[in-house]
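Some structures to go through are shown next.
You will see subunit A twice below: alongside subunit B first, and alongside subunit C after that.
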Partner chain A sequence: MNRVLTCLFWLAIALVLTFITLPLAVVVAASLSPSSAVTFLPWEWTTVWYGDLLADRWLQPFLLSVKIATVVAGISGVLGVLAAYAVVYERIPGSTAIMAGLLSPLSVPQIVKGVAIVLFLSIIGLQGVLGTPALIAAHVVLALPFVTRMAATSLANFDGNLDRAAQSLGATKRQRLQHIVLPMIKPGVLSGVTFAFIISFNNIPLSVFLVRPGDTTLPIAVINYLEYSLDPVMAAVNVASMVFILAVIFLFEKVGGFSAQLHGGSK
Partner chain B sequence: MSTIALTAPATMPGAPARSSGYLVLAPSCLVLTVFFALPMGTMIGMSFMDAQSLSPTLLNYQRFFSDGLSLAGLFRTAVMSILVAVCVTVLGYPVAYYLARSRSRWRALVFALALAPELAGVVLRTYGWLIILEDRGFINDMLINLGLIASPLPLSKNLFAVVVGLAHVVLPFGILSLTTSIQGIDPNLERAAQMLGASRLSVVRHIILPLSVPGIVSSLLIAFTMAASAYATPALLGGARFKVLATMIYEQVLFYIDWGFAAVMAIALLIMMLVISFLGIRYEARRSSRRSTREGGAS
Partner chain C sequence: MNSFDIELVSVSKSFAGIPVVQDLNLQIPRGEFVSILGPSGCGKTTTLNMIAGFNTPSAGDVRVRGKSQNRIPPERRNLGLVFQNYALFPHMTVAENVGFGLRMRGTPKAEIGKAVDAALRSVRLDGFGSRFPKALSGGQQQRVALARAIAPKPSVLLLDEPLSNLDLKLREAMRIELKEIQEQLDMTFVYVTHDQEEAMAMSDRIVVMWQGAIAQQGQPGSIYRNPATRFVADFVGRSNILSVRRSIPGPTFLELCIDGTQIVLRSDCAGNNAVQSCCIRPESIALLNGSDSGTGLQNRLDGVVRRIVNLGAHVELLVEVATGLSLTVLVPSSRSSLVPELASTVTLGIDPQDVQVLSD
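So, the complex of A and B:
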């Protein structure tokens, strides 16, 4: 009885892991398939589809996505740190309510935020800013609460004694912020900024309302294309953008070393 | 999901600089007011207005409840989200249990395999399912080649495809919340029961499952809210044949350009999400108050 149960348990885990990895494996296989009809486990391999990635059709959306994600990560990083500083470090009155307000966009589905922003811009006659400026604003609204929360958590968790020690030794506030507070919260902030970059780069539910035709971000270009064709170029585009995201995470992790934090370890 | 314990170190220095505190807060407040609060207010206002004349009306709401299509969409969204929530929790449980209890060197690999897809983005994964489930896709291709079926099975553009795709998207979050909950159960309870002669099955049924109920509830809630608000997966795997609120809202805005009605649908989706989050918060509050009274009684 026990042995049957153990076997079932391992079988269940194997099946679930297969379920999780199958679509990814299929996409990678399809991107290397020589025929234009997508087949799984092709007998011949080719990298010809990856050559198409440098065509304007994919390169332009990719560059736009990178540009928007970079600006969004920068803006939400700065604003999030400032807000967390005010609420947690300065502890201004009403900080709990203010924090709840700062995090409130999290409880609204993205598609609802998207509709609200597009209606608002149209009502006040600013359809002209649809495209890059509107995308940046909307993605900042999306990313800012996450960055604020991560920065606030880092600020609340770091050892205040270090700061008080520096103060009693005569460090000015500016010196303390520069040499103690900022270095201490850097890993948390950098993981927030990385997260902001990724959710902006991959975003669909907000972008879908705000892109201008002919000037779209990469995920929107991909889903528009998928509406009428499944050919292997799509697989190559998808694999390339996943590799790009992994590279971004690797790069930020090298700079910030936040993986210790992601694994719940604290120093 | 959106609460943070503001138990900052008891004495943070810097009391005199209150005004500078408000000053550095201003940019965030400005951005969130202009691009979140005002738009949400506008949207709620629009739902009570006629799209052409901008005169106040309740017709949008009346239409939502009477045209049949909208309530059907709401119903489909709820059914889809419930199915996803159940699938994610059932599929995630064994993996979460393994991750919470195993000490083997394979644990890291299972952890990476279970969570890595989250980095791939929704489009890539949905595209993978499209290739697998399409009429001329991987599964149908294989079944036809094996001679098991003559014409392709209807695997895509329906509820089944959307639930499969969304379960795949949400699964890592379910696994994470279940793992955290199971890790909180004292392993000695299982060992004690086994030593007293309980079979594996009764250990699972009488100890592990009851004690991990909070994790199961949070996994169900996370999965439901993520599924109900998803856009890309239902759009690609459900298409025009299986519409949910999210895809219907998109159509209203970009094809029919009926803003008032789009606003009503968005509000319906928002209310559904808020009700679910509220139930979650109330469950959590009840549980912690029950625990505190129990502990208070014991001491």
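So, the complex of A and C:
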């Protein structure tokens, strides 16, 4: 009986994983398609489509997306840590309300947010910032709850006795933040920052309202391209951005080691 | 020059209007090992936190070496602190942990290295410097915490139940080690614990706290032999505590009429007729055999053995000496031939100097 249950358990997991990864596998296969119609013939494949990726048509949006995502990750990382510090560590008055406020963007659909931001900017006469500045601002609003939440959770799990121990050893508040608190919450903050980067890099619903024609982010370029054609180049672009995201996650994991959070926070 | 390392002068602390420590006066001379002993919630940790600076007294003054500390933040008090959960910095090696205090003060590197080595040697962990705390056992981690606290040479070391997370054998070994380290460093230790054996084993002086106030303080032996109150008698060691209905001061003895019985016990203590209770340690009650009449001065009680519990080193008897009144008697196992049978009648002898009068 037990064995049957174990089998069913693993079967269910396998099905879920297949369901998640199969579309990705299809995209990979399509990007290797030998003909310009998207087909899948495992015995006949080519990498020729990947050559197109270096064309300006894809390279420019990619670089813009990386730039925006990097800035968004940086800004929301700093803001998120500061917010979590004020709310969780210092427990400033009204901290619960502030936390709720910081997390509130999560409860508004992205399309609604996009429209709201465009309307807001045009009402106050700042249409000029549409494009990169508006994209960065909007993505920060979107990503901030994730970073704040992650940093707040790390801080809440932080053992106050470590802080007191450092204090009794003569460490000033600045020294404690630098040597104890920040290193201890670093894995949580870095995983939040990784989230922020990916959220920004992949975003469509907000970006679609905020990009300038001819100066688009990668997902928007993909959408635009899809309106007219569906070919293996498309698939190649998606595979490339998937690989890029995986590389980013891997890199942050190497630097920050957020898996270390699972076993006590040390290197 | 003031010879007290720590003085608490009429210190009170309340949280949200609820008093936790009330009008506490305590003086700790330099080099003394003092334990603050009490059940949880008695205010002992709050007292320690006020000395460390993490809690500010609602009233009164905390002085370290004669200097009021009320406006001095914890990081400038130069006190070492050891926690129950060790609180080692998990992202630093043992050596970095131990050197942390000196590093924060900007001590030169070479000097830190020497101090770290010396501190690790004094807790017998030389050679462990490059390991991470996670790779050490609980006992080793606690020793690192100790080394970390003593490395900057604080004037006083505060220890908050530092052995409670260790298993019994290790705890017993660490008691002796802690005491040795304290003597070696000649440092004032303030040790907070709820474990009376621990306090007994290490302290020069025990301060028993109850309900936010000092119930009694003194040397371990004198607290054990002469508990002042019902609470101390009950909390420190084991006791037979008897309610006294009436006490009659006599020429040599104080006669205590035990509540609810016809029993009259003689006590060596000075006392008046307002005595309300007395206590007798289980090991000071003797089993008298028929031939041994004892001295005429002894209190003699007849009773029936109701329960026998073997505790290894001792056998514990519960002897009913009157309806509703039973006394616990400890007999060393080495004298187990004396142990009577269940339900047999025995005679108990109690020396009047072992009948201790309590103040409440």
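Here is the rule we use: the second predicted complex is superposed on the first by the 238 of 267 C-alpha atoms of A that agree within 3 Å, B and C clash if a C-alpha of one lies under 4 Å from a C-alpha of the other, contacts with A are read in each partner's own complex, and residues count from 1 in each chain.
Throughout what follows, a residue touches a chain if its C-beta (ideal position, glycine included) is under 8 Å from a C-beta of that chain, and two chains touch if they have at least 3 such contacts.
Just so it is clear, the model here is predicted, and its values are computed rather than measured.
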Assess the superposed three-chain arrangement around subunit A: do subunit B and subunit C clash, or do they fit? fit
Does subunit B (first) or subunit C (second) touch A:Leu210, or do both, or does neither? neither
Once the structures are superposed on A, label A:Tyr89 by its partner contacts, choosing first (subunit B), second (subunit C), both or neither. first
In this superposition, which partner touches a larger number of subunit A residues, subunit B or subunit C? B
Partner chain in contact with A:Leu155 - subunit B first, subunit C second, else both or neither: first
Anyone got the angle at subunit A's C-alpha centre between subunit B and subunit C, nearest 10 degrees? 90
Applying the touch criterion given at the start, work out whether A:Leu169 contacts subunit B, subunit C, both or neither, answering first, second, both or neither. second
Taking the superposition as given, does A:Ala196 touch the first partner, subunit B, the second, subunit C, both, or neither? neither
Applying the touch criterion given at the start, work out whether A:Pro183 contacts subunit B, subunit C, both or neither, answering first, second, both or neither. second
Let me test your reading of the model: by the given contact rule, A:Ile68 touches which partner, first (subunit B), second (subunit C), both or neither? neither
Least C-alpha distance (whole Å) that remains between subunit C and subunit B when both complexes are overlaid: 7
Where on subunit A do subunit B and subunit C both make contact? 159, 164, 167
Given the complex, residues on subunit C that touch subunit A span 52, 54, 73-81, 83, 85, 87-91, 100-101, 104-105, 132-134, 145, 148-149, 152, 158
Would you tell me which residues of subunit A are touching subunit B in their complex? 1-2, 5-6, 9, 12-13, 16-17, 19-27, 30, 37-40, 78-80, 82-83, 85-93, 95-96, 98-113, 115-123, 137-138, 140-141, 144-145, 148-149, 152-153, 155-156, 159-160, 163-164, 167, 173, 176, 198, 202, 204-205, 208-209, 219, 222-223, 226-227, 230, 234-235, 238-239, 241-242, 245-246, 249
Could you please specify the touching residues of subunit A with respect to subunit C in the complex? 159, 161-162, 164-172, 175, 179-180, 183-184, 264-267
Subunit A partner contacts - residues on subunit B that touch it in the complex: 1-14, 17-18, 20-22, 24-25, 27-29, 31-32, 34-36, 38-40, 42-43, 46, 91-92, 94-95, 97-98, 110, 113-114, 116-117, 119-125, 127-132, 134, 136-138, 141, 168, 171-172, 199-201, 204, 225, 228-232, 235-236, 246, 249-250, 253-254, 259, 262-263, 266-267, 269-270, 273-274, 277
